[in-house]
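In what follows, chain A forms one complex with chain B and a second complex with chain C.
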Partner chain A sequence: MARYILRRILITIPTILCVTILVFSLLYITPGDPAEMILGSSATEEELASYREFLGVDRPYLVQLGDYLYRLFIKFDLGDSWLYASRITDEIKNRLPITFAISMYSILIAVATGIPMGVYAAVKQNGAFDKFVLVTTSVLHAVPNYVFAMIFIMVFSLQLNWFPAYGIGSLKHYVLPCMCIFISNFGSMARSMRTSMLEVIRSDYVMAARAQGFSRNVVYFLHALPNAMIPIVTQLGGRFAGALGGTLILETIFSIPGMGLYVQGAISKRDVPVILGNVVFMSIWFCLIMLLVDILYAALDPRIKAQYIAQSAGKRRKRS
Partner chain B sequence: MKEKEFEKKHDHREHHHHDGHRDGEFLSVKDLTVEYTSGKQVVHAVNGISFDIKRGHSLGIVGESGCGKSTVAKAILRILPDHGARIAGGEIWYKGRDLVSEPEKRMEHIRGAEISMIFQDPMTALNPVKKIIDQISSVIRLHNPGMTKKEAEEQGIKMLRRVGIGEDRVRDYPHQFSGGMQQRVEVAIGLSCNPDLLLADEPTTALDVTIQAQVLDLIRDLMREKGTTLLLITHNLGIVAEMCDDVAVFYGGEIVEYGSKREIFKNPSHPYTIGLFGAVPSLTGEGERLKPVEGIMPDPSDLPLGCKFHTRCPYATEACSEGEVPVVQLGGTHYCQCHNIEAVKAAQEKEAAK
Partner chain C sequence: MTELKKVPTGGKPEAGVREKKETQLSMILHRLMKNKLALTGGIIFLCLCLISLFAPLIAPYDWSAVDPVHKLMHPSAQHIFGTDQFGRDIFSRIVYGGRYSLTLGVASTLFSTLLGVVVGSIAGYFGGAVDRLIMRFIDMIQCVPGMLLTICISVALGSGIVNTVIAMSFGGIWGTARMLRGQILTVRTSEYVEAAKATNNSSFRTIVKYVLPNSIQQTVISACMGIGGAISGISGLSFLGLGVQPPLPEWGAMLSDGRNYLRYYPNMLWAPCIVIALTILSISFFGDGLRDAMDPRMKD
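Let's turn to the complex of A and B:
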């Protein structure tokens, strides 16, 4: 297992490096002169040139790239915004906890409710509860979360005045945005859990466990559930990984000063270092979560680990 | 133990007194009917079959795939799928109790301990995320609640060694074994609690021929050792010849011919049984072409009236397509469900004389 984890980490490093270089290069080749954009069309050629030098964008591509990588991986610094005086790293440090809290609360609640509901629906397939789950989850899954955001604001803040409609501060501020993200996660979570569980329940080894005398509940929860959880873990990983970017629209609607609003502002003002910094940060976050998921995956399913070890063994044999 | 002794004696007495009577037999299935429903469609998988197995004997159920053979085994253990499958009628008498109406809790004690089952495909019948030793010892512990985990593991290792799996492999996962080794594990789990009855559903179909013989030998040795009764489900007449005392030929959810192995192999009387033998290569009939049974199994949701086989039967007459088909006793324990036994016999003899 230790070897598997080590190999998996070693693969993550070049992945992160490649993503960083790719994103940097993409933003480098996008047209437009930042100096002109910031200073306006009235600035003289001299002013523009000195400003370009100040931003460091007059240097050759490779120098800029090398500088960026050096600052990122050695000094853990994502650089400075072109428009504001704040450092990107500090800004992310301030904003990350808000976005993180919103997405983690809602995903965790979705997991805590969606998974048991999916399992129960599968166990009682075609029963009333199953049908209820199928209908509600399809509706919840199909309606985009900003629609719910609008409805919630109208009902719970404007009409009932229970929760604030914008900003962040007390715990109350978290309720509405969390509910919106929860709803979109819950539907798909319950549905895929149900599907996965049904598939496992129909498998031979579950019938074999029943034939060996295990009671229905023991078979469902100790024999079927661990197998049914395997695809769910992958899906969950994707959700945690995508969580930081997924709140963009909701942060805009609820005016929450999180990561989403930060990126959105930077994109609309073409603040390239901020966009770059955010994309790179999220890529690294994504890679790390996926690393975690893969390790968890191997722990859950011995076949994955075996496959991995066999593959790398095969490669080694070929080389020698 | 005393109970078992008593039943053995009891069984003996029954034997001498009346042949063919079903009361007091070890396993006696009467008029068993199983249906699957999906939507409005009703699939008649098993249609009123009856058979007995005496303690320590073995019965082979032979038939094409899709004829409802496996359903019989699942019905005996009552592990038919929860949704859409039901035992629509009949009785399954096992040691004086009707398993059809037995409470679920009782069935849980019977399953795996008194009656166990070996499945067709070992690749899918073992839990992929559990170590072999855990899979076998959890079953042993389930049925021997007094045992510690360690004792159960030791018992499991002993059983696995008995089927040829060394102690160095017991902590492996199923995917690390070949199909043959996996089926050995299945056999070990199936026999780990010394069951009185073993249901083997195509236990060697998924294995290649050399391994087939090994697994069958293993099942036979263990059964002889422990006096286990066997219900073997297969499409392979060769395996029946090797393993079974009695044979039930299954077609369209019915038993169309039943008898001792000798009776069936010497004197196959139902056109379908004759067809099955025609489809097996023989060493004596030189250069003869194999004769497959023409046509395909009728759709079990839309079975023909009358004899289920008449749509494929070369000897079918008008009477075959309507009404009940009589069951004719041909002697001893030999029964055949056919209108035209005489005519079929005559046609067979004519062909043989050619």
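Let's turn to the complex of A and C:
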């Protein structure tokens, strides 16, 4: 077990490094001269050159990359914005709690409601409730959440005046954006729970348990459900890990001062270091959460551990 | 699946075998026809495609015709969806916008699936070090949340139609590749692939003629369902100011345009909202139906 964890951590480190290099290189090729963009077209060539030197964008690619990696991994500093005085690390520190709260609350509520609904729909397959769940979840899952956001603002905020449409502050401000993220997560959560449960219910060992005379509920909830939950837990891990990136458009619509709005502002002004900093931060976040999920997972599911042991045993055999 | 597997075992498929292949297709179609929800989805999507194909015949106005006298008009007999801030007819813009949204969605799905199939087949078929290298790369790239990766590429390449398709398809390659690789691994060691290798087929020929026909089914289904996601992603990009730029009537760009008039003139938003939702829903229903129809366990 300890070896598995150690190996998993050792894989994560180069992954994070490579992801950072990848994102840096992608954004490095962004067209346009930042100095000209900031100073305007009236600036002289000398001013532009000195500003470029000040920003550090006149250096060769490898030097810039090395400097970026050094600052990020040794000093934990994501660099400075081209346009604003605030440091990106501080900015993210202030904005992370808002984005985190919105996405986590909505996903948690989606889990708490979606999973029971999916299970119930699968148990009563082809019943009226199942059909209802199937249709509603495919609507909720398919329609992009920014469309819901627009409709919610028009209906609940402008027509009925129940919830504020912009900004963040009281609890009421959280309702509409959370509802939008909840909806898209709920749809896919209930759907995959239903599919997974159906698959397990149809399997031989459930059939065998039923044939032995165990009652339906005992078989379904004690035998089938834990196995049906396995793919769902994996999916959930990915969902939590990727949650920060999922609120981008919604934060723009609701003017929530989280990370999404920060990125959006940077996109519209082509403030590359801010985009870079945020994407790198969210990717590292993703890697770390996935690492945590995998370790937890191996502790919970003995099959993973067995698989790993079989794998390494196979390798050893190959070498000798 | 079982019928399909029989086809490539021999050299030339005989007449009788080919007939069987047709039977499977017709069986899938038959099951699809019975699924009313899927059928409705398919018909709606077809209608939307036809509408944007024949846009000049359907749209009452030019999508770019500015009419300052009649700006921000509520729906009326002349303008069924009203007009926008420049007096352009929203209905005409929606009709023409389908050309951009649908084409971009389908094109980027097509590209990402094609490239995903290439990468996935190489990884799955050759295995070994190549496979490990490709899979490590995919693991790495999938650490960047999907929408953010698309945004990064879109920022790096700049906006525009071709660049948007590139940005959108790049993110989709890896999931497809991973899935196809998994499918190929299950057929790679089967007898007919061994036979194909033994009869001196090139790797390319073996993959295209023997491996892919038996492993690509799931990829086709997910590509079909992916069109909806691609359309929603492209509209999202345009909404953020990347992707397709405002004067063009792409649906997401229209949403982004209408956002400033949300409070006093919501008409500008209803139309693109409804049409985006309708398109994606119809594709999703059709894709669901297709998956059920192709699932061998659903055979009755």
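Basically, the second predicted complex is superposed on the first by the 303 of 320 C-alpha atoms of A that agree within 3 Å, B and C clash if a C-alpha of one lies under 4 Å from a C-alpha of the other, contacts with A are read in each partner's own complex, and residues count from 1 in each chain.
Quick note on the criterion: a contact is a pair of C-beta atoms (placed from the backbone, for glycine too) under 8 Å apart; a residue touches a chain by one contact, two chains touch by 3 or more.
Computed from a predicted model, the values in this text were never measured in an experiment.
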| item | value |
| --- | --- |
| Room on chain A for both chain B and chain C (clash or fit) | fit |
| First (chain B), second (chain C), both or neither touched by A:L158 | second |
| Partner chain in contact with A:R303 - chain B first, chain C second, else both or neither | first |
| Superposed model, angle subtended at chain A by chain C and chain B (C-alpha, nearest 10 degrees) | 70 |
| First (chain B), second (chain C), both or neither touched by A:L27 | second |
| Chain A residues touched - chain C or chain B, whichever exceeds | C |
| Minimum C-alpha spacing, chains overlaid - chain B and chain C, in Å | 7 |
| On chain A, the residue positions that both chain B and chain C contact, one per complex | 202 |
| Contacting residues of chain B [partner chain A, same complex] | 74, 77, 79, 81-83, 104, 108-113, 116-117, 119, 121, 124-129, 139, 142-143, 173, 175-176, 189 |
| Interface residues, chain A side, partner chain B - complex | 125-126, 202-205, 207-216, 223, 226-227, 230, 300-303, 306 |
| Contact footprint of chain A on chain C as seen in their complex | 37, 139-141, 143-149, 151-153, 155-156, 158, 228, 232, 235-236, 239-242, 255, 259, 262-263, 266, 269-270, 273, 276-277, 280-281, 283-285, 288, 297 |
| Interfacial residue positions of chain A with respect to chain C in the complex | 15-16, 18-19, 22-23, 26-31, 135, 138-139, 141-144, 146-147, 150-151, 153-154, 158, 165, 202, 242, 244-246, 248-249, 252-253, 263-264, 267-268, 270, 272, 275, 278-279, 282-283, 286-287, 290 |
